[in-house]
Amino acid sequence: MNSHSSLARSQNAELWQPKRNLSKWSEQAVKYIFATFALISVATTLGIVFTLIFETFEFFQEVSIFRFLTETQWTPLFTNAKFGIWVLVSATLMTSFIAVFVALPVGLLAAICLSEYASPGLRRWLKPILEILAGVPSVVYGYFALLFVTPILQSFIPGLKTFNALSAGLVMGISILPLVASLSEDAIYAVPQSLRQGSYALGTTKRETITGVVLPAALSGIVASFVLSVSRAVGETMIVTVAAGANPTLTLDPRVPVQTMTAFIVQVSLGDAPATSLAFKTIFAVGMMLFLMTFILNVFSFWFVRRFQEKYE
Amino acid sequence: MSSNPYSAPQLPDAHSSDFQPALNKRYKLDRFFEFLTWIATFVGLLVLMMLLYDVISDGASRLSWQFISSFPSRRPAAAGLLSALVGSIWLLCVTAILSFPIGVGAGIFLEEFAPDNFFTQIIEINIGNLAAVPSIIYGLLGLQVFSRIMRPITGGPSVLTGGMTLALLILPIIIVATRESLRAVPNSLRQGGFAVGATRWQVIRNLILPQAIPGILTGTILALSRAVGETAPLITIGALTFIAFLPPLSLEGLQTDFTALPIQIYNWVSRPQPEFHTNAAAGIIVLMVVLLTMNTTAVLLRNKFQKGRI
Amino acid sequence: MTNIANPTMISDSQPHLQEPALKMEGVSIFYGSTPAIREVYLDIPAHQITAFIGPSGCGKSTVLRCFNRTNDLIPGAKVTGNVFFRGVNLYSKKVDPVEVRRRIGMVFQKPNPFPKSIYENIAFGARINGYQGDMDQLVENSLRRAAIWDEVKDKLKDSGLSLSGGQQQRLCIARAIAIQPEVILMDEPCSALDPISTLRIEELMQELKEQYTIVIVTHNMQQASRVSDKTAFFNAEATEQGGKLGFLVEYDDTVNIFTNPKQDFTRDYVSGRFG
């Protein structure tokens, strides 16, 4: 008998022959296949974590963690190898700081302009342009930094070397600017119109409404966009590899060549160090450090959004 | 000119003089603030113009059929980007074939099938986390897992290894784009589908997906264009910079060593001779044309189908 | 699924008029652990129009959705008690909710035609439910019965969304009757429509009840008194947790509910003296 239903027979039952078992079976199959796909993202995270932990552990078998954290030189490829990670971390922090110094204020102001001042017609043009800017590959920005920005800066900054942290940081700031602008604009746009009207009704000007009411209301989204762009800057690779150089030096002078964590990984990857060598394990230890930094930023962002997000009906 | 747009007081005097609104000063600040926001907005535009101008003025003269159709060479004038261009196309295809079904499937699962429980939340937090992981870290994963552990299958730092690494990299973007597009389809459509006796999968396949597919495609194309421009993870997995052959057009091609446009550009930029820099600029023009075509397609697709806010 | 012997089930196709088409026995509905509806007992007679009325938020739509198990689709919603459709418990494990929805159709508050052609709007449900008959004929018949055939017969390839609101709602009714259900549930089907479209749909309901059992939720008491044979009045009380708990106050012939209600509550509500 027809197994699809224990309901009473319907009128014209012979006209309706749904393949319920087949559709039930295919629904289950689709569900489990797609669930497996979703689990691939978890597997990716686990893969990253275990890869980094495993190789970093191997690295620390040969180099003590004490040396890693206290030495003041980074020369893993030399015979007299030194492994002071702060040399690379400080370079990463310096270029990131310069980038963030450009991207956060400019990006936030641009976001305010786009959502509060620009007419819809103008925004229709500006947003795709920002997206193009966001889509420029970092190796192109690297070219731009090394061969366009640095020569210009050299004309008025004495002592600026061909490879330097300043130019790389500035261009990196431009490269993450669209991210700040677009995410902040989403947050600002989501603030309900009624809040703005409430503020205007108290006799405030447009600027006072924006800085006093709209921005605080969008704070969690804006901070999330800031944090994400900081972690982008920390993990940015090609701009600093091309334009900041490959000299691991512990310095705060933005005019001289430095080597960031990411640039070091590229340098070793391009070389012909054997896969079992200490140099190769080093890049996983550096990668671990990089992953931890972005992970902490991300946890902070997650916590902040949860803590401060405003819910509007 | 006064900063206050309302020159003469229109209103009768206020009863209380406890307030001193200082409107002139406030309007002045308002104008200054608005001016700053406009400057900030046009900084990006200006830089984009300078960048394009710089690249085109450096590289346009080097563009020729010879440049497109030659293998790399030690002599700048003879060098071309054939292997890099073909390598990028291979990567694009492999990445798309892997990431599109997986990303869309995972997005559908999370948005339409998944119960709202602990595991789903873990997956969601995890995807948010992955989106913030630097691309070079994916390179380290690809190096260890795909290039080394799975060497018998992938053949080391091959097209397949590169494609899988880039697919993992853009998977979170595709998943998020899929979910947003699905969420934008009104619930009443789902209810209508269920009410005529469709199963969940029938509702999704026949009613929801056709509505969501433009948004999904837009997100996927944008994600793929990001993959095409990626350099760091490919260098990290061990992609070579000097390749003077093309992968055979068969499954074996997947296991072949490769180079890609951004790697070739990086290689040229990092050489001291200015002639190679010219090659790099010409390579950038080719890469940017590819990316702009992809981005424009994505934006047009979205504008065509998106209703409401841009 | 195992073969289920059929002797206890009604196997002829003629509905028994004396038997209720739908029956609720002690139905309560919960969202998570919060109760939303308290113990409803209700018999819906076949080939009549039954109206659910009551103040907004009293859960009439929630009760309606029990009849085609669309409450199942809301995460956390739970139904206890029994709902019978021609003697079979709809919430029994052996009953497939998809088949329930094929047999008990639904029309929604806002017209929600599929973003497909008018023809496909009708054919979609029939096709996925394995309809073996002539599809063109089915589409035409359904549109005719929903009194919209003359308006759309020349543009069956046009999108269902190109129609006006009232036409869209009749298209949705046609879509519901195309899968040949025995019951049609209507959740405030006219609340998004203008008075003329509303009138057309009310007339249509009178024609449809010859063949279908209709249950309609409505905000509009005039509508209930105009179209329905039986009326159920629902109300809600505030719970200690701050939610609302709906319950059935009175259920009777429409005439009695509107002219001679037994409960004071009902009298106050139908005469408009209700907060």
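In this document, chain identifiers A, B and C correspond to the written order of the chains, with residue numbering beginning at 1 in each.
Note that contacts are C-beta pairs under 8 Å (C-beta built on N, C-alpha and C of every residue); 3 or more make two chains touch, one makes a residue touch a chain.
What you see is a predicted model, and the numbers here were worked out from it, not measured in a lab.
Nearest to the overall CA centre, using the mean of each chain's CA atoms, is chain B.
Relative to the C-alpha centre of subunit C, the farthest chain centre belongs to A. Counting C-beta pairs in contact, the chain pair with the highest total is A-B. Centre-to-centre separation of subunit A and subunit B, using mean CA positions: 13 Å. Per-chain CA centroids place subunit A at a distance of 51 Å from subunit C.
Each chain gets one centre point, the mean of its Cα atoms, and the points for subunit B and subunit C are 47 Å apart. Residues of subunit B in contact with two or more other chains: 197, 199, 202.
Residues of subunit A found to touch two or more other chains are 18, 23-24. For subunit C, the set of residues touching two or more other chains reads 98-99, 102-103, 128-129. Every residue of subunit C that touches subunit A in the complex is listed here, in rising order: 1-4, 6, 9-13, 85-88, 92, 94-96, 98-100, 102-103, 128-133, 180, 182. By the touch criterion stated above, subunit B contacts subunit C in their complex at residues 115-116, 186, 188-199, 202, 206-207, 210-211. The residues of subunit B lying in touch with subunit A in their complex are 21, 26-27, 29-30, 33-34, 36-41, 43-45, 47-48, 50-51, 54-55, 58, 101-103, 105-106, 108-110, 113-114, 122-123, 125-130, 132-141, 143-145, 148, 168, 171-172, 175, 197, 199-202, 222, 225-226, 228-232, 235-238, 241, 262, 265-266, 269-270, 277, 280-281, 284, 287-288, 291-292, 295, 299, 309-310. Of all the residues in subunit C, the ones that touch subunit B in their complex are 68, 70, 73, 75, 98-99, 101-103, 105-108, 110, 112-115, 124-125, 128-129, 172, 175-176, 178-179. Touching subunit B in their complex are the following residues of subunit A: 18, 23-24, 26-27, 30-31, 33-35, 37-42, 44-45, 47-48, 51-52, 54-55, 105-110, 112-114, 116-118, 120, 123-124, 126-133, 135-144, 146-148, 174, 177-178, 181, 189, 203, 205-208, 210-211, 228, 231-232, 234-238, 241-242, 262, 265-266, 269-270, 275, 283-284, 287, 290-291, 294-295, 297-298, 301-302.
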